[in-house]
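Chain naming follows the written order as A, B, C and D, and within any one chain the residues start at number 1.
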């Protein structure tokens, strides 16, 4: 750990406004195709739970595409598709409530970490997450042979009784950082993308360094269309949603 | 991890990988062209913690998207998009992502099986299997091949084989081909642009797109490529956001992304198209050309239910646009008047003067391997083929890459005809419905274990062929169908052996792609075949750097030809139009993949089952609620399906997604949901495509309930469970 | 104990017992030589005796201090052993620490009070003691260390004061 | 205290009648010789009918299957057996945890608060109430452990470091909860044991056989010397004063598990006292139920427990119900007025959602029924009515927790992820199991522990007398300490 500066009072504590890693999602471009959902699940060894369980609110995907409705037929409109994953809050409400430090803040990556093997399953973090993005392993879900051949060795396979959530594919971030370090340079913009951004056919999900003002994601996050989910709660989320019609200036 | 892989197994697997593969990046462990090197330097895929990536082609649909499969120590871990492949440029859809769930599926066919039409399956060996195939090849006149839309190399091989031995040419079929009504579009193209080609719609550069039910963000032709096109259109050149208007009876995922969704009545699209043409021409030029002169705007408004003002508004939009484009979707053409509608829409494009211009309509580029456009068989062609089966003229039927028992409308009677065929040999990787009715299942490798290539029909302006190579060693005792046929041809001798003098599949593919060695304008150039072959595997195919879209001929005469369009006459009786659309997540062959089953439908968020979308007002009239089971009855079949009160569907239309309702196809697909193709009739349009969107059905309440698994909260999204008053 | 000459006088009510205490004092028996045993709490004031010394409050106080200290350790020291930042809160947040301090203080204080009773009363002690079961029936007993030569005098005085019985106390297993 | 000053019947023609009435009414004025009382209590412990053992066996079977059997099955298979889902990550286990902790509050409340304020009616049933505290806390502990996803790692919540000196997270309300509940469990057990020592000595003196050995060990050699009584009295005083803030802190911290979370409906500053009063509402009602049960099922208890106790408990329940209504309304008013759209949705959902009837039932059983019944002296002295009101108040308090936990969890700030259907799961047999376990423990304790603190009753009787002001006989209490 890189010698964290420990603040004395809450008011003093302020992580860099923008954080280190961030995401910008253009809701005008998102077509709701669920490629991100599938990609995330494949990358992160997310189990499938079956019809009954998934219908009972136990689907395990780390990422969901939301949509609501406005109006009534024929003036009915679907609200723009909105992929919602862990917002990697700078002041994450989930973190302080865990009694055993199973969800903590990474000082280096400025991400919200879930430590599976420390988790005892109180599920308080999930209750306190205003974005409802945490999923709990209610059971050891069956993955019959030979499906486990596909397990990504970079990602822990979680057992029952632990909480999990989107990690921004931290395994990929680490790989890119290691690579960059071995070449004596910084990670360049576009070098690393989590599975969802990588798969997104519409290029609606953009990922990158927030502390680099020149990166695509930084620019998009500062765009006039950018909003943060439940901004008013002061959680300092790292995912910016671009609302309204795209204007193409940063594509 | 539940996988109990012992160290011994692991070493076996690792050494198998090592012994059978090339060191060159891009050649898979199953390569039979091994450059052996001493183990002073271990092959990279044997390093602990090191991944090896193989470029290949996605086989979940026929679009030809490039994949890069990440493997480690002989296992495939993740399918990712191949960023070089011009079709998908590194992107994938959900089905492509889940392709590994097909390969590592617990229910695959694991070895060649002999069975009495699904009963008493017993293992057999490949030598026996090859002799049986060889025997069939000795009787070419009684032999028929039914093939899927992918892979192309096998289709080419079978075509060559059939030509050589004098068997009828192989027939290709795929449910997506039917849902896209590709033949109709081709026929209309012949009529309007004088060439029966697949067309390319340049959505990316258009600024106003009116789509007549083309679900190009979901399954239509090449969804990943068109999604990219959509994305570019929205970000338009110079920051000008393109506009999308969708006309279709239910709000699809594509319509959800449109700026305006107009719920036009099914079968009225042609009328709307000509009306738009007339209004547009009058606004723009003062008078309408011959093609649109006779259009009755009031009739169009009345038949479609789209108010007159809206039509005028659309015409305004078209008139204002610099790059207007109209697209005909599959369901729009799958009407009894579908061909006329297609012609009307293409003629409207001609009127908009966009063919061959940015943001307009193009011919797809000529393919480097074959410039002939091989489309899927139409319903008429399939009916003819089924008639042949029924007559007993086919003694041996080979089936590969398609599941006609499931994918063909039941009304065509394929299953019954299958009983009249002497011997059915299926090359299915998966125990699907057709394979269950076969005498032999001689399983092909899964797509990610296979060699091959796919000609890219559309999706990119670049002429290209997408290459496939194994990313892992075959997991089971399967064998490449091409190898089986080659071995059988050798065994059969004679013309077959002479026509296919190849040692194996790879040699055949190399022979085919050798025409590209030294070809100009390619993404890479290679002087000789080994170098070309290495690069072909490394990049996952070959393509030209520059776009080579075909420009349709000048269109003055197209708009001067009279268009005769009337409202479609629906087939069958009943109060409701049936609207069947391929599930964007499952499509025709995704139901066996558990994660696809669990991926929520984009519009309804339903998982793991089928549903029928009914407008809430209609549902109230019928007295049905969410999760009630209703029977849907057409003249050709009945299905029982659960109600989803869908707020954005015409009150006179009900919609059922296609993709579920398997009676075989593995544990995740079996006995789950319904197959709406069982309701389809037999009416075809002028091009021979099934008029599946012109059906009328009756709906009856059953009193049963079967809750749907949804991701959304009914409470939060629809307020169900909370009374109105505060 | 054996070298002592213990008498056990049993009274039925408080008043005779109080008289007996006075009488003993008159006979020159020190308060320290008399132990009152009763089945209900009889306060010293009722019998006109000196206040009993108890360390329980001291134990309590000591416990409270130890509890506060251990609370301080948990709240202020442990986070620094493995610093982890959560939710943008300071490493050692003040309001939650108050909760920890309070609970630890109360916990150890009450445990100490409880143990204080044990220590002060020398619990548990299963050695034989001078006792009669009637005491728990509400009798009041005066257990006195009687100088050998005064036994008869004292017995008489006790009987006069209203003792039900006066007898040599035998240590017995109770 | 106001309760003792309640008007007694006036102007009796015959003052002897009135005195006789007073003695019949008040245990404190109806002294019996200590030996007789001891005998009554000993008899109550040792007189056991076959029905008792039948009920105990049934309870034991329910505990074995419904609680430990089901729990073991759940540990082996996972929490999918419960009714929990997203967003209802917490549900019945936490409802029941809060429920049992609430019940546990009455023991301390009756014993400590009434001791501090010298409410004399407490004397015969302080022990019965304290036993409830300990046994109910045990049930709460079971429920909270059952709630955990990986209960076999529950010791990670103990304040001990791991091998890398990582301690627990004291930022977490659950950690405060852990400390507070532990403190409360330990101190209430000690508080139960201290005043029990003289009674154990009493039992030791008049039993034989295994009971003698048991009581001998437990009484630890208590004789009743002045010094012993002094230590005990001082300790009890300290306990009585110190355990009250602990009690308040426990339920306040339980409320913080909710109030500290940033959720609509939960984030409320009034939750602390609201929960404390709610705990008393269920706890005191439970005490009334237990006292009535003891009175009518155990031998000789009709002497110790009288209608005056029902009367006093009934009044207490009425006051607490009024306080609960006040806090409920306070919470509701502020949430309603705030106008936050998510809170609005939640309040609307409480009333109009599928659990709306539970919400209304909560108001009826917690407010309407106590208010309608308990104002009437004859009704609250009627054991059937008081028991029913107590039972309904507990149902109502269960409903309150149900509304606060799973029902409120259905509504969050992401409507797409609002509640799904709610199906109760294995929590139901486990709850029934904890009820049976509580009853079983209580039944066994009633055979082993003198349920009436005889020495405290005697102490009270010594201090009470009837004085006459003119012709009016008046109850008076001497301050003995």
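One rule holds in what follows: a residue touches a chain if its C-beta (ideal position, glycine included) is under 8 Å from a C-beta of that chain, and two chains touch if they have at least 3 such contacts.
None of the values given here were measured: they were computed from a predicted structure.
When the interfaces B-D and C-D are ranked by how many C-beta pairs touch across them, C-D comes first.
Centre to centre, using the average C-alpha position, subunit B and subunit D are separated by 67 Å.
Rounded to whole angstrom, the centroid-to-centroid distance between subunit C and subunit D, based on C-alpha atoms, equals 30 Å. Put simply, the C-alpha centre of subunit A and that of subunit B have 31 angstrom between them. Subunit A and subunit C have Cα centroids separated by 63 Å. Chain contacts: subunit C has residues 84, 86-87, 89, 93 touching two or more partner chains.
Annotation for subunit B: residues 707, 711-712, 716-717 touch two or more other chains.
Counting only residues that touch two or more partner chains, subunit A has 55-56, 59, 64, 66-68, 93, 96-98, 101. If you draw each protein chain as a dot and join the dots that touch, the picture is not a line, a loop, a star, or fully joined; it has some other shape.
Residues 707, 711-717, 721-726 of subunit B are the ones that touch subunit D when the two sit in their complex. Residues 33-35, 38, 159, 161, 164-171, 175-176, 179-180, 182-183, 186-187, 190-191, 193-194, 198, 201-202, 204-206, 216-217, 220-235, 238-239, 242-243, 245-246, 249, 253, 455, 458-459, 462, 480-481 of subunit D touch subunit C in their complex.
Subunit A meets subunit D in the complex at residues 53, 55-59, 64, 66-68, 84, 93, 96-101, 118-124, 126-128, 130-132, 134-140, 160-163, 230, 233.
Residue ranges of subunit D in contact with subunit B, taken from their complex: 348-349, 352-354, 356, 410, 414-421. Those residues of subunit C that touch subunit A in the complex are listed here as 83-91, 93-94.
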